[in-house]
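Got some structures for you, see below.
Shared between the two complexes below is chain A, which pairs with chain B and chain C, respectively.
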Partner chain A sequence: MPDLVAADFVVIGSGIVGSTVARKFAQAGASVLILEAGPRVTRAEIVARFRNSPRRSDWMSPYPPAPWAPHPIYQPESNNYLVHAGPYPYEAEYIRQVGGTTWHWAAHAWRNVPNDFRIKSLYGVGVDWPFGYDDLEPYYQEAEELMGVSGAPNTGSPREKPFPMEPVAEPYAMRRIRERLVPAYEVVTNTTARNSRTYDGRPACCGNNSCQPICPIDAQYHGGLAAQAAETAGVKLVPNANVYRLDHDERGRVSAALYYDPDKVSHRVAGKVFVVAANGIESPRLLLLSASDKFPRGLANSSDMVGRNLMDHPSTSLTFDADEDLWLGRGPQSPSSIGIMRDGPFRAEHAPYRLDFTNISRVDGATNALIAQGVYGDEFARRLRYSAARELNVKNVLEVLPDPDHRITLSDQSDPMGIPKPETHYSIDDYTRKGHERSQQDFRRIAELMGGSNLRFSKEGVYANNQHICGTLSMGSDPSTSVCDQWARAHDHENLYLAGTGVLPTCGTCNSTENGLAVALRTAHHILAEHKVGRVPAPSGSG
Partner chain B sequence: MSDQNTAPQNEANSPGVTRRCLLASILTTYTASLIPWALAQSVDDRDQGAFLAVSAIIAGRQTLDTHLAKRLYDALVADDKNFPAMAQQLLTLINTRKIDPLHLQRVLDTEKSPLAGVPRAIAAAWFLGIVGSGAKARCVAYEIALNAVIVSDVLKPPTYAYGVYGSWIAKPL
Partner chain C sequence: MTIMRFNVRTWRCTVGAIVLAAAAWVSVGVFAAENPDAALIERGRYLATAGDCGACHTEPGGKPMAGGLAVATPIGSIIATNITPSKTDGIGHYSLEEFSAAVRGGIRADGQRLYPAMPYTSYAKITDVDVKALYAYFMHGVEAVDHKPAETQLPFPFNIRLSMRAWNWLFLDPRPYANDPGKSVEWNRGAYLTLGLAHCGACHTPRNILMAEQNSRLLAGADLGAWFAPNITSDDNSGVGAWSVDNLIHYMRDGHARAVGQAAGPMAEVVDHSLRHIQEADLRAIAVFLKTVPAIRDNTDIKPAFMWGAASDAFSTIRGVAVPTDRDQWSGARLYEAYCATCHQAQGQGSFDGGLPSLFHNTALGRVDTSNLVMTVLDGIHRKPDVNMPGFASELTDRQVATLGNYLMQQFGNPAGKVTVEQVKTSRAGGPSGMWMIWVAQLIMGIVLLAMIGILYVIWRRVVSSDKRAA
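On to the complex of A and B.
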C-alpha cells in the first residue's frame, strides 16, 4: 500500500482540541494534516435540522451519524453503536463530524479549582495530576482567548489576567434566583465561551436559547470554528477519513495512519508526529484497534491502562414550581451556578459537585407533560403559561473518581465498516452516590428559598450523563498506572501524543472541554519546542 | 346544526358534489358552545370538518390556522387512513355525551376506547407541531405550533433571537 500523503504532523480528529493543536503546528510552519472520520456540515444545516426535528429535546437529532463513521444515538431508538456492558449504562453522546462534539455544547469553559489537581494528596482519593494549577494557568488563559470566554472572577479559579470578556448579561430569572438565595448560597455567573460583545468577528449573544444543540449565530465558540481556523492557518483537513489503525516501525514509532473513506477504500498517511484527538471513546478505541505482534494489547497500552478510568459527570436534579413568574428561556441556556460544594475536606468522604441552574425554555417539556395528562381546551394555555413561567430546575454535577474497572474496550460486535464497536464498562460508585445524597439537602433548601412547590426529584438511582468523557488516556508520572506523561506523550511511543479530555486524570466538577484544551495547548507548546519546529511562541496567557 | 352527527359518511366522496360545508352543520349545541368562533368556518368536507371541530375543542383557541390545519390533517391521514373516520367518531362521541375537553382523555383512557389515541395525536399536532411517533414522527410546524404561539408575548422559539444583547435582563411581564 503506497503512502499517498505525508505530513510533519498528523492529527486524528478535528474537534476543538485536535483542530486547535493542528492550528498551532501550522502557525509554527509545520505541514499538518487532520483526518476527520465524519463529514463537513454547516451551521445553517444544523439549525434547519433542529427546527425540523420531531425531537427537539434530543440534542443529537440535528446530528445524524454518517453510515461510514457512526456515533451513538439513542432516539427514536438506539443505533447500538456504543455497546453497554454495564453494570450501569454509560450512554455517552458525541459527534463525529468536522468540528466534533462542541457543536452542541453549553459552552461552559471552566477552569478546575486548584485543589482538583491534588485530591490524592489532600483528600486521599483519586490521583494527583502530574502538574499543578499554576503550570496550567497560562494555557487556560490562552484557551480562553482563543475561544472568547466571558466570566466573573468569583468562581474559585485564580487568574493572572482578566477574562477576555465581561460576564454575559444575567437573565432576569437568574437574577431573582441569586437575590433570593443569598446569603445561604452565592450564585455565580457561569464561565462560558459565549460572547458578551463582538469578539473575533463573531456577534454578541442574542438570546436564541438554543446553545444546545446549536447556536445559530456563532455567538458561542465551537469546534467548527476551530477547524475553520486551522484550515485558514494552512492545515489540510480530510473529512470522511475514518482512521481504523495506526502502524508503527520496528522501534515502536508510529509510522502511518490508515483510514477508510466512505466506500471503504483504505488510505495510508505517513507522518513524523501523530496526535490522537478523537475524543475519550474513539481515541482509546483506535489505540486498541492498532494491536500488533509487537504491541499485542494495542498501542500505548503496555500498562493495560488504555480505555480505563472512564469518568464523566453524572447528574441528578430537582424540578419545582417557584412562587413567582420567572420565565426560563430568555437569554442563554445555562447562565448560573453555585460552586460552594466544588471543594472542601468533605471530598475525603463524598463527591464534590457544582449546582447548575438551567435557563432552557420549559415550553416543550411542559407541553409534553400536559398532553400526557390529557389537559385540553382553555385549560391547556393557562397551565402551559403557568409551567413556562414558574418551573425551575437545579441539577448537581458530580465528580467521579478514576476506577480502572470503568473502561472502554473493543466489543465483539462490529460497526457497518466492519470495525469493532466501542464497549463501555461503567457504574456509579458509593463516592458519587454519597455526593448525590448530600446534594439533596441543597435541592430542598433552594426550593424552599424560592417558595417552591410541586417538588419533582429525578428518579432515585438514575443519573443523567453530561457527556464529559474523561480519563481513558490518563496522563501521569508512573508508566504502570497511566497512558501518557505530563506532556501527553504516550509512554510507549516517542512520536505519539494524545489530546482531548481523555488525558485528564480526574474530572473535577466542571465541564471538561477547557481543561482538555488547556492541557492540549501545553502539549502543543512542548511538542513544538521539542521538535524545534519554527518559532515557538510563549502561550498568549503567559507573563 | 344537528343534535347528532348523523350525516351520510360518503356524501363528501360523491363525484360532482360540492363538498364544502360549514362547520356548524356537523356540531351539536354542546360542541358549538365550546367553539362558537368556528361555526362559520368553511371546510372541504365532513371529514376535515370533524377534524377541525375536534381540533378546536382540544386546542381551546379562538382561531386556528386553516392552512396549518390542512397540513396537519393530511399528515395525520397519511399515517392512518382510518384517521378521518376516527375523528368523526370522536366528534360524535363528544356531541352525544357532552364530554368536557378537560375530561376527554381520562374518559377515553378509562373506557379503554379505541379512540383514546386520537386526541393525543391531534394535541401533539397542534401544540407541538409534530405528527406521528417514534421513527415516523415528523415536524410539521415549529414557530407556529400552538405552544409557541401561546407564550409568544414572552418567549421566542429556541433558535430565534430573543432581542438585542442583554434584552433578557428585564422583568418579562
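On to the complex of A and C.
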C-alpha cells in the first residue's frame, strides 16, 4: 500500500485542540495534515436541524452521527456506540465532525485554581501535575486570546494580563440571584469564550440562549472556527478519514496513520511527528487499536495506563421555584456560578465543586412536564407561565479523582466499520459522593435565600454527566504511572504526542476545554522548539 | 436611469491619489507658514470631516491622511496619496492658492489636471473662508508623514489628463456657493453642505456618458459598483420625501433610522468617517435641504421603500421536512431560518429595541432594485462603534443568495424586487466589470487616430495634386 500523502505533522482530530495545534505548526512553516473521522458540517445546517427538531432539549439532535464514524447517541434511543461495562454508566456525549465537540458547549473557559495542580502534595489525594499554574499561565492567556474569553476578576485564578474583553451583560435572573445571595455567597460571572463585542470579526452575543446545541451566530467560539483558522493558515484537513491504526517502525517511532474512508477503503499517511487529538475516548481507543507484536498492549501503553484514570464532572442538582419572577432564558445559557467550594482543606475529605446556575429557558422542560402530568387548557397556560418565570436550577460540578479502574477499553462489539467500540468502566466513588452530600446544604441555603418552594432534588444516586472527558492519556513524570511526559510526548514513542483533555492528570472543578487547550499550546511551543520548525513565536500571553 | 455603473467613491480616491503623488515631486517656493489660530485649525478639522477626506486618504489602521489605501476600481487599483503636510511626500509645499486650485478647481500644483474621482466639482462650492480653514488644518492640524505610498498605474487612455481641460470647461462650475436670500439660513447651510463639502451627489446623482453628474437629475440615485446609492430627492415614493427630518438625522448620525432603514456598504463608511461626527444642527440643515430637492420619481416606486411588508413567516412549509443534503435545494424559508431568523426573528420583526432591525419597513427590501439587499447578504453591515452583521459571502452559494433574497422580498419587502443567480454572481465580483470602459475609451482613441490619419492622407493628396498642378 503506497503512502497516500506525507506531512511534517499529522494531527488526528480536528477539534478545538487538534485544529489549534495544527495551526501553530502551519504558522511556523511546517506541512501539516489533519485527519478527521467525521464530515464537514456548516453552522447553518446545524441551526436548520435544531430549529426543525421536535426535541429541542436533546442537544445531540442536530448532530446525527456519520455511519462511518459514529458517536454516542442516547435519544430517542441509544445507538449503543459506547458500551457501558459499569458499574455506573458513563454516558459521555461527543461529536465526530470537523470542529469536534465544542460546536455545542456552554463555552466555559476556566482556568484551574493554582492548588488544582498540587492536590497530592496539599491534600493527599489524586496526583500532582508535572508543572504548576505559573508554567501554564501564558498558555491560558494565549488560549483566551484565541477564543475571545471574558470573565470576572475574582474567580481564584490569578492572571498576568487582562481578559481580551468585558463579560457579556449579566442577565436579569443572574443579577437577582447575585443580589439575593449576598453576603452568604459571592456569585461570579463565568469565564466564557463568548463575545461581548465584535471580536476576531465575530459578532457579540445577542442572547439566543441556544449555546447548546448551537450558537447560531458564532458569538461563541467553537472548534469549527479553529478548524477554519487552521486551514487558512495552510493546514490540509481531510474529513471523513477515520483513523483506525497507527503503525510504527522497528525503533518504535510512529511511521504512519491508517484510515478508512466512508467506503472502508484504507489509506496510509506518513509523517514525521504525530499528534493524537481525537478526544478523551477516541484517542485512547486508537492507541489501544494500534497494538502490534512490539507493543502488544497498544501504543504508548507499556505502563498499561492508556484509557485509565477516566474522569469527568458528575453533577447533582436542585430545581425549585423562586418567590419572584426571574424568567430564565435571556442571555447565555450558563452565565454565573459560585466558586467558594472549588478549593480548601476539605479537599482531603471530599470532592470540591463549583455551584452552577443554569439560565436555560424553562419553557421546553416545563411544557413537557405539564403535558406528562396531563395538564391542559387554561391551567396549562397558567402553570407554564409560572414555571417559566419562577423555576430555578442550581447544580454542583464535582471533582472526580483519578482511579485506574475508571477506564476506556476496547469492547468485543464492533462499530459499523468493523472497528472495536470503546467500552467504559466507571463508578462514583466516596470522595465524589461526599462532595455531593456536602453540596446539599448549599442547595438548601440557596433555595432559602431565593424564597424557594417546591424543592426538587435530583434523584439520589443519579449523577448527570458533563462531557468533560479527562485523564485517559494522563501526563506525569513517572513513566510507570502515566502515558506521556509534561510535554505530552508519549513515554514510549519519540515522535508521538497527545493533545486534548485526556492528558490532564486531574479534572479540578472547571470545564476541561481551556485546560486541554492551554496544555496543548504548551506542547505545541515545545514541539516547534524541539523540532526547530521555522520561527517559534513566544506565547502571546508571555511578557 | 443611469447609463453606466460606476464606483464614484473609488474615483474620488483615484484622483486624490494621482494629484498628490505627483504633487510630492513638485518643488515650488517655500510655503511661508504663518501660525493660524487653533480655532481656525479646529474649524478646518471639522470641515475636513464633513468633506470625508479621510475616507480615501486614510488607510484603515494607518496614519491620518497619509494615503496608501488600495482601492479596486473598474479601471484598475488605485492607491490613495499622502495629503499630510510632508514637504517631500505630501502637500506641505502647497500655497493656499495651490491648495484651493486643487480642492476647488481640480488642478494640482504642477498644473496637471485631476480626474473627477476627486469630488472637486462639489468642493468648488466651498467658500473662500472654509478653504482657508481647511488649508490651516491640513498644514497645521495633520501630522506630517514622510512616506510616499505606491504609485497608481492606470491603463491607457485613462493616464492621459489633457482631456480634463475640456471636461472642466463643460462640467465644472467654479463659483462658490452663494446663499439663496429667499431661503432660510438653515436651508442654505444644508444646501452648502449637501452640494459642496459632503458631496452627496458624487454617489447619489447619476452621471452622464462623460462621467459628469447630471444636474437635471440631482440626487436621483445611481449605481455604485455593486451597490446602489438611492434616490434622496424629496419624492415621497422614490426619494426621502416620506422620511421625517428626525428619521434623516438618525440615519446620518447613527447609521440607522428605526423602521425605515440602515446604512450599509459605502454609506456605512460615510456615517463612520464623517456624518456621525457632524453637529446635529448641520445634520438637521442637510435633512431640511434634502426634503426640498426637486422630486424625481421612478414610476415603478408605488409607495415609499420603507412602507413595505409586515411580520410573517413560512415555516410551516419546512416543519417535518428533512433538511435537504444539497444546500442549493434549501427553500427560502429554510435559509431564512438558518441564517437570518436568529437575529431578525422568526417573522422578521427584529429585536424589541430596534438594535437588530426589522426586515419589513426597511428600505433595504423596499425597492425594485435589489442590489443593496444582495450586497448586504454577501458583505453584512459593519459600522462603528459595534454594529456587525456578518456577511455570508463565504457561506452561501449564488443560488442560495438568490433563493434567500427572493424569500425576503416576497415575505417582508417589495414583491416586485427580484434577485437572480446571475445578479448575485456579478455583485459578488464587485459589480459589473469596468473593462468595457477601457475598451470603449481605447476604441474612441483608435477611431480618432484613424480619422487623423485619414485627414493627413487627404491633406497629403491635396498637396501632391497642387504640386502636380504647379508643376
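In this text, the second predicted complex is superposed on the first by the 543 of 543 C-alpha atoms of A that agree within 3 Å, B and C clash if a C-alpha of one lies under 4 Å from a C-alpha of the other, contacts with A are read in each partner's own complex, and residues count from 1 in each chain.
Following the convention adopted for this analysis, contacts are C-beta pairs under 8 Å (C-beta built on N, C-alpha and C of every residue); 3 or more make two chains touch, one makes a residue touch a chain.
Being a predicted model, the structure only gives us computed values, none of them experimental.
Student: Contacts for A:I428 in the overlay, against chain B (first) and chain C (second): which applies, first, second, both or neither?
Tutor: Neither: A:I428 stays clear of chain B and chain C.
Student: Looking at A:N208 after the superposition, I want to know if it touches chain B, chain C, both of them or none. Which is it: first, second, both, neither?
Tutor: both
Student: Considering only the touch criterion stated at the top, classify A:D218 as touching first (chain B), second (chain C), both, or neither.
Tutor: Second partner only, chain C.
Student: Is A:I408 in contact with chain B, with chain C, with both, or with neither (first, second, both, neither)?
Tutor: In the superposition, A:I408 contacts neither chain B nor chain C.
Student: Just chain B (first), just chain C (second), both, or neither: which does A:A44 touch?
Tutor: Once the two structures are laid over each other on A, A:A44 reaches chain C alone.
Student: Which partner reaches more residues of chain A, chain B or chain C?
Tutor: B
Student: Pick one for A:G377: touches chain B only (first), chain C only (second), both, or neither.
Tutor: first
Student: Determine, under the contact definition given at the top, whether A:V275 touches first (chain B), second (chain C), both, or neither.
Tutor: Touch partners of A:V275: none, neither chain B nor chain C.
Student: Have a look at where A:T367 lands relative to chain B and chain C in the superposition and call it first, second, both or neither.
Tutor: first
Student: For chain A, give the residues common to its interface with chain B and its interface with chain C.
Tutor: 47, 51-52, 197, 204, 206, 208, 216-217
Student: State the interface residues of chain B toward chain A in the complex, per the touch definition above.
Tutor: Touching chain A from chain B are residues 34, 57-61, 100-102, 104-106, 109, 119-120, 123-124, 127-128, 130, 132, 134-135, 137-139, 142-143, 147-148, 150-151, 154-156, 158-173.
Student: Quick check: in the complex, which residue numbers of chain A touch chain C?
Tutor: For chain A paired with chain C, touching residues are 42-45, 47-49, 51-52, 197-198, 201-204, 206, 208, 216-218.
Student: Spell out the part of chain A that touches chain B in their complex, as residue ranges.
Tutor: Answer in residue numbers: 47, 50-56, 76-77, 169-172, 175, 196-197, 204-210, 214, 216-217, 325, 327, 329-331, 361, 363-364, 366-368, 370-371, 373-381, 384-385, 388-389.
Student: Flag every residue of chain C that touches chain A in the complex, lowest number first.
Tutor: Interface residues on the chain C side: 318-321, 323, 327, 330, 334-335, 337-339, 341-343, 351, 356, 386, 388-390, 395.
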